[in-house]
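One structure coming up, written as structure tokens, with questions to follow.
Chain IDs A, B and C follow the sequence of writing; residue 1 opens each chain.
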Amino acid sequence: MSTATPLGLALADRRLPGGQIGLWLGALVIVLLLPLLFNSPVAVTIMNQMGISIVFALSYNMLLGQGGMLSFGHAVFFGLGGFMAMHVINIIEFEELYIPLPVVPFIGGLFGMGFAIIVGSFSTRRAGTVFAMISLGVGELVAACSIIFVAFFGGEEGISGDRTMGPPVFGYEFLTEIEVYYLTAVVVFVTALLMYLFSRTPAGRMANAVRDNDERAEFVGYSQRMVRFISFVASGFFAGAAGGLFAINYEILTEENLNLVTSGGVLLMAYIGGIGFFIGPIVGAILLTLLQTVLSNHTELWQLYVGILFVLTVMYVPRGLTGLIMMHGIAFKTRRLGLLIVPYLKVGMPLAVALFGFVTLLEAGHVANAGIVGHTEFHWLGTVFDIGNMGIWALGLVCLLAGGYGTWHQSSQVREAWHAANDMTAGEGTS
Amino acid sequence: MVELVIFSLLNGLVTGLLLFMLSSGLTLIFSMMGVLNFAHASFYMLGAYFAYTISQYVGFWPGLIIAPLLVGLVGALIERYGLRYVHRWGHVAELIFTFGLAFLIEEIVQFFWGKATKDYSEPELLHFPLFTLYGQNFPAYKVFMILISVAIFVGLFTVLSRSRVGLIIQAAITHPHTVANLGHNVPLVFMGVFGVGSALAGLAGVIAGPALGTFPGMAFVLGSIVFVVVVVGGLGSLTGAFVASLLIGWLQTFAISLDWSVSDLLLAIGVSFDADHALRDLWTLSLPQIAPILPYILLILILIFRPTGLMGKRET
Amino acid sequence: MTVAALELDGVRKNFGLTEIIRGVDLAIEKGERHAIIGPNGAGKSTLFHLISGKYDKTEGRIRLNGEDVTDLPPYEINRRGLSRSFQITNIFPRLSVFENIRCGLLWSQQYRYCFWKLVDNQRDLNDRAMAVLEEIGLADRAETPAGVLTYAEQRGLEIGITIAGGAGVIMLDEPTAGMSHSETEQAVELIRRVTVGKTLVMVEHDMGVVFNLADRISVLVYGEIIATDTPANIRANKAVQEAYLGVTDDAVEGVA
């Protein structure tokens, strides 16, 4: 659970994070090669969105996962950074200022950081509920202000601009999505690396210590308030940079980018991904962006599914998806992962059936509730379902009940296999 | 001016009492369990929707009783099978859980009732102006809202101060561990308080639905304000919640009705301003414009200068 | 005349109307091992909290190496060379044992709030942390999350965090509480080793430990120090026996 070993690696040799340098280089190569694999404009747009979300979610986790500060208003820094970046893009265009586009996200970051200095000066005195409430108050305040102060926020329509009017960078004018992808990718890589490195500095380590036990930190020479403040300001910078990336990608910012919904969204990403791990928010950002872009094309109920996923995560998988994977570390090291495969399949199949039944019922129910005349069909798994056919409802119900029973029935086997695979007292694994 | 003050006072009272119906339950729940329930306003929304559906079949009045009971049941079940389970992961997880719940309930409401505003209206019986003052009508339904709220508080205070359960609850607010050690079934009390708190929020929804509109965003609109009330009043203080509810109710209604702006002020002291200046938004700022943000400014000021709230004793 | 390592001058503390500490004067010399004993509720832990800055003082002054630290927050007092442990284990549970110790070292090694150096590259810092781990016998548990250590190991880690920064004045609050006989012996040896050349102030209930370790003993009863003297004199002191121990000479010999 501890972020003491981010990326889940044991740090046997402290001075040589060679394996980690390899990991980061590998990540860079993958990021640069991705467009060769997914080269459709839609895919590139989605990947750009993922990049923005990754930076934003990582910056959020500097607060929640690293520093123990639960924020309900993090979008403020994202949005303000974005608005500032948008203004800079417009200044570049109309004042013909010579600022290359790749610098713009960092200007957004500086603006987010500036605002974080103001907010952090009074909000970081305590963690816990007081911090959460102040973040909520500031979030609502700024969102409301964005409607009032039209000159900066552009009112209801927001502000927009044209990213391509700046000086070319190595001949690129960022006219196409793919050029923007590479810009985004580089900024994502640099900011993610910086955030990771921050977590390995004295200030970053003490953020963890203050999260764990703020009182004790004061008795080893650190002011808990100052430690939180530094994390908060750094987090504001990276959130602002993510906002700057958003400005470049979408060329428009509105109130929506800094309101409570966006603040809640980043909490969802970080938490579902796993706040105890550095890569957790990355996993969450990728998954939620996929749900947001791909799933939303297939069903109007996607937010309901996200909500269910989130609540289930909070209840049963508090370490997030990354935690779920990392749980298998012991079994993997002792080569007993094999013990789990068959039980997983046995429980997975009825679970899939139950899931199928559940989704079928929800989708059918959604069409029925909408009650639009002539609209009685929905698509699901490449098939057209008609809710007029009672068989659909029966099928859904039977699958849900039978699958649910099967899952419950098999779950004890998984539990047993889990104990067997993680029993440190047993001999070496069988495989 | 007198007319404006009277109507603002009355409207502020309606809003304030409505806020207190929510904040009283939230405060009780927070005092006992240490959880600020983000989903509290969602129960308020459920109340309105339940009552709407009930009113489709049997009219407004049965809904006034049945809907809050249903919401209370939902609340108790959520406490029993959700919150109590999450409790093992700590307070932050609980807060995040209730946040997720608020998100989920909004989606569930949209699933069953759709995105559009529902035509849930006050009963015919109360659809008339009770009195007319300076040519302005005051609807009977608002008076009904005031009466219901007052009746609830009288009931609530009586239960809390006179009954055995009330005494246990009061004791649990200040000394939860001691109460458990005395052998009272604290989990059951928790579930009960959570259920009753939810039911109160549900009742608020039932009577507010016709006045403020029944739509999926209604929880969101009120939710943050209720939080502000609870924090400003002082976490764990019912009296504080009461004072803060009325304070914020009046703050908002007066801010909306008093059309004062910065430019008026500047003109009054003989300063003129440039209409094209970058700060023009600041000069033309008016009180109704900033009415929505006043509670949040109050919240931040309170948290900075008096973290215990107006009447609270403990800092969280 | 040398400056006392720690000097309390008329320190008082009220909680509401209740006086918990009722005027404590105490001077502890550099290099001295000083034990504070007293019955339950005498205010020993409160006194520790007052000295270390956890509680505000109602009255009186506290000087550390001659410098007035009365109104400073805990971290400022720590930076001036006073480090304390807690009666109830107070560690960083999700950090590894190694990280716990390293956090105890960071400020004293001048890293402050630095965010441009990587801790893993600081060879000297890591070597020092490992040395402390060797000292407290937890080297083989370095990568274990502190929260899953056994109770005795956590008590050892508690002392490790306290001494890691090399503070001149070490305050230990019941370091052997809840330990078995053999664990206590090891803990006493550890404390003796790591406080060589330092000033030690400890609260302890185990009279064996107190009479074994302390150069001088102060007896705190109802918020007042009724005697400060060498172990032998304290043992013979009639007032101490009556007020605190409430038993005869023989019985004191017995526990000691």
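Quick note on the criterion: contacts are C-beta pairs under 8 Å (C-beta built on N, C-alpha and C of every residue); 3 or more make two chains touch, one makes a residue touch a chain.
In this text, all values refer to a predicted model and were calculated from it rather than measured experimentally.
Visitor: State the smallest step count from chain B to chain C, taking one step as a move to a touching chain.
Guide: 2
Visitor: Taking every chain's C-alpha mean, which one sits closest to the mean of all protein C-alpha atoms?
Guide: A
Visitor: Could you put a whole-Å number on the gap between the CA centroids of chain B and chain C?
Guide: 49
Visitor: Can you give the whole-Å distance between the Cα centres of chain A and chain C?
Guide: 44
Visitor: What whole-number Å value describes the gap between the mean CA coordinates of chain A and chain B?
Guide: 31
Visitor: Using the touch definition up top, name the residues of chain A that touch chain C in the complex.
Guide: 1-5, 10-12, 14-15, 17, 197-198, 200-206, 208-209, 211-213, 215-223, 226-227, 230, 234
Visitor: For the complex, which residues does chain B have touching chain A?
Guide: Counting only chain B, the residues touching chain A are 36, 82, 85-86, 89, 91-93, 95-97, 99-101, 103-104, 106-108, 110-114, 220, 224, 227-228, 231, 235, 278-282, 285, 289-290, 292-293, 296-297, 299-300, 303-304, 307, 315-316.
Visitor: What does chain C use to touch chain A in their complex?
Guide: These residues of chain C touch chain A: 52, 54, 73-75, 78-79, 83-84, 86, 90-96, 99, 102-104, 106-108, 111-121, 123, 126, 143, 145, 161, 164-165.
Visitor: Which positions of chain A touch chain B when the two form their complex?
Guide: Interface residues on the chain A side: 64, 68, 70, 72, 122, 126, 128-130, 132-134, 136-138, 140-141, 144-145, 148-152, 260, 264, 267-268, 271, 301, 303-304, 307-308, 310-311, 314-315, 318, 362, 365-366, 369-370.
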